[in-house]
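We just call them A, B and C in the order they show up, numbering each chain from 1.
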Amino acid sequence: MDQIKLSAHSLNLYFGQKQILKNINIDFPKNQVTSLIGPSGCGKSTLLRCFNRMHDLSSDAKIEGSIKLDDLDIYDKKNSVTEIRKRIGMVFQKPNPLPKSIYENMSYALNIHQFPKNEIQKLIESALKESYLWEEVKDELKKPAVKLSGGQQQRLCIARTTVLRPEVILMDEPCSALDPISTRKIEELIVSLKKDYTIVIVTHNMQQAQRISDKVAFMYLGELVEFGNCQDVFQNPQNELTKNYVGGHFG
Amino acid sequence: MDVKKRETTDWLLKQLFKAIGLITIVLLGGIFMMLIYNSIAFFAKVNPVDFFTGYQWDPGSVDGNYSILPLLASTGLVAAGSMLIAVPLGIFTAAFLSEFAPGKLQAVLKPVIEMLAAIPSVAIGFLGIVLVGPGIAKLFGIQNGLNALNGSVLLAVMALPTIITISEDAINAVPKTYREASLALGADKWATLFQVTLPAALPGLIAAVMLGLGRALGETMTVLMATGNASAMPGGFLDSIRTITATIAIEMGEVPYQTTHYFALFAIAAVLFLITLAINFLGEYFANSLRKFQA
Amino acid sequence: MKKRLSRFLNWTILLGCTILVCLFLGIILFDIFSKGMSSLSWGFISQPPTKGMTHGGILPAITGTLWLTLITTLFAVPFGIACAIYLNEYARPSVLTSMIRASIRNLAGIPSIIYGLFGLALFVQALHLGTSVLSAGLTLGLLSLPYIITTTEEALKRIPDSMREATLALGATQFETIKDVVLPKALPGILTGVILTLSRAAGETAPILFTGVAFYINGSTTSVNQEFMALPYHLYMLSTQHQSIEQVRPLAYGTAVVLILLVFVLNIIAFYIRFKQRTQQ
């Protein structure tokens, strides 16, 4: 049996009167890559953003049910949202480097979380190496991050997240704005990261989901329709909707 | 841990920012209360009926005549005159800018309008004295060019940037499909402009006029310098006039604290305040109805 | 044929209106600069007025306006930016929020002379600050507040949410996000708004009439409790209140030139910042 790292229980989410997520129950196993797939508007990105409380900022979002990181209820008012986001990192659809230098992008989170000064340099170097970016940028760490290519920016955003040594990394269609070569690099990176992190990734790309995932969750109209091992979901889907979707009949 | 400290700082600053945001309500309320409080003190001494019906503003006289009517008439006359000039000019310029001017010309015209908006009112008033006033005197063969017409021309110049900018936004906000539909039906550019685009933009154009009017009614220095400051009931555009704003500006510096005259100036300010408030609300109402119509 | 004529007429009317508007600016600038440049000299801007203000320069009016603008800035800029941050970053749609927004819009529409009355009642009388550059500066600060709030909020709105999410997702608090990402990124836009507002405030006369401006002071303003001279008021005074108006007309023109130059320089700085920011993006 897999060890469960992150889980949602009876999760409902409303934007105003409209219910976006309907009674979601899902367990994400530790050190595996789980893909959330489904047609656009099915709520997969909305679900992903529940896991690090990104909906806190939208005034009309209402959440019921619970989400647990190990045994910690992340929506419990006692728990600090900044602590939770330190433990559950996120990478976004479009690369969003801070308007600062490459080095400052990496050191920003370390500084606000008050990591010891003498460790920062080392942590940054190893995180950049982990993202295969070190060789490309080691001589120009002072360069503004926005000067990097799109793929490099996205790898920087991943490195910026991993430098904090989070436990879970959420990725919201991280390759959708990138060219095929950069996409390949990021996919390799994701697979190599799973030995240290639990990864949840939203993707609309079936091939990508097959290439990188251990588990796959198919969502439709705010509901979790099917969840299982990657191979099972793609080769032998149980639900008619899943069959049609992975077979490319809609979406 | 330090997380606690960081999150407390965040919360404290949020409360601070909120408190500062509340200052705007307090400020508006404070201005309103100040005007009302002093107006009540005034109406305790002077009958409101006399204030709104008399024909004379002459606080210096023995029995003290405090009628707002000549001042209100002056204010209305000079502002109405300025709108007669500025509204067609402003809307046509906005139409030209948004529908016909090529990009390069726009790049030149926009800064011109912003520069016009930037000229201090006192400089415009100065030109009223040295240039426009004498010009009007010559044109109409009268002794003194410092009159309502002079003020109207100058206020029109000052209201123009506001009217042009907001009208242009309103015209640009008309969905492109409206224009395309009209053009597709065979109407030419002009028919489209006058029969489709401008009517569709009407709420926004009215909002623009309202804001321009608010500016003209509230302007002090220009009318103070250029309209002759005669507090009698005006008979026409060639008469010297004295607006509410100019009256406050002239007399407030000289009245003793908390006399009837002092309170009277707050009372006329309260009337002006309510008028501009009403005009702003109207303007906002029309601006909102434009937004609704787009959605 | 008739159609072509009317089209020609329409075109002429619209173009004519536009040209007329440009002409207004042209006439204003031409008249003031052609007659005022001859009064400009180093002495004019570096000396105080002499001989009952019929000779000499306008130095105290320049320094007075600088003092005034400085106090306005110190007061209105932090408060205005803080309020804009609250509205754009923290506030949720609520009755309170819409009340704040309605107040701001109405404050922007209040005639400046009424701010003068309020400044007189609040700062000069109630708070016993007297007629001083401090009272006048604070009054102008109140007048500027709604403009600074509005322009700052517009600048903040232009920062995409993805920027905020970047640091929030790293565990930064909202304030850290504002301080480290939002404000630095919005700075050029905020600066443009602030400078344009200040250029407007520097040219205002009505709000300072009863709060501290003086016909003439001996020497220059050296403390915030003193009365002061200001360029726009000096121009008003020279053109309407002086006992020998015709004699001081060149001085009035010279003052107008300095005032307009000051305002235009501020505007050009603001345009430059805005232009640079646009070309960078």
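As a convention for this text, a contact is a pair of C-beta atoms (placed from the backbone, for glycine too) under 8 Å apart; a residue touches a chain by one contact, two chains touch by 3 or more.
Since this is a predicted model, take the numbers as computed values, not measurements.
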Chain located farthest away, centre of subunit A as origin (C-alpha): B
Innermost chain, taking as reference the mean of every protein Cα atom displayed: C
Geometric centre distance via CA averages, subunit C-subunit B, whole Å: 17
Centroid spacing, where centroids are CA-atom means, of subunit A and subunit B in whole angstrom: 54
Averaged-CA centre spacing for the pair subunit C and subunit A, given as whole angstrom: 48
Junction residues of subunit B - those touching two or more other chains: 6-7
Subunit A residues counted as touching two or more neighbouring chains: 82-83, 112
Residue list for subunit C, restricted to those that touch at least two other chains: 173, 176
Touch list for subunit C against partner subunit B, complex: 6-7, 10-11, 13-15, 17-18, 20-22, 24-25, 27-28, 31-32, 79, 82-83, 85-87, 89-91, 96, 99-100, 103-107, 109-118, 120-122, 125, 142, 145-146, 149, 173-176, 196, 199-200, 202-206, 209-210, 232-233, 235-236, 239-240, 249, 252, 256, 259-260, 263-264, 267, 271
Residue ranges of subunit B touching subunit C (in the complex, touch as defined): 6-7, 9-10, 13-14, 16-18, 20-25, 27-28, 30-31, 34-35, 38, 88-90, 92-93, 95-97, 100-101, 109, 111-116, 118-127, 129-131, 157, 160, 164, 188, 190, 211, 214, 217-221, 224-225, 245, 248-249, 252-253, 257, 265-266, 269, 272-273, 276-277, 279-280, 284
Complex interface listing, subunit B residues touching subunit A: 2-4, 6-7
Interface residues, subunit A side, partner subunit B - complex: 80-83, 112, 114
Contact footprint of subunit A on subunit C as seen in their complex: 92-93, 162-173, 176, 180-181, 184-185
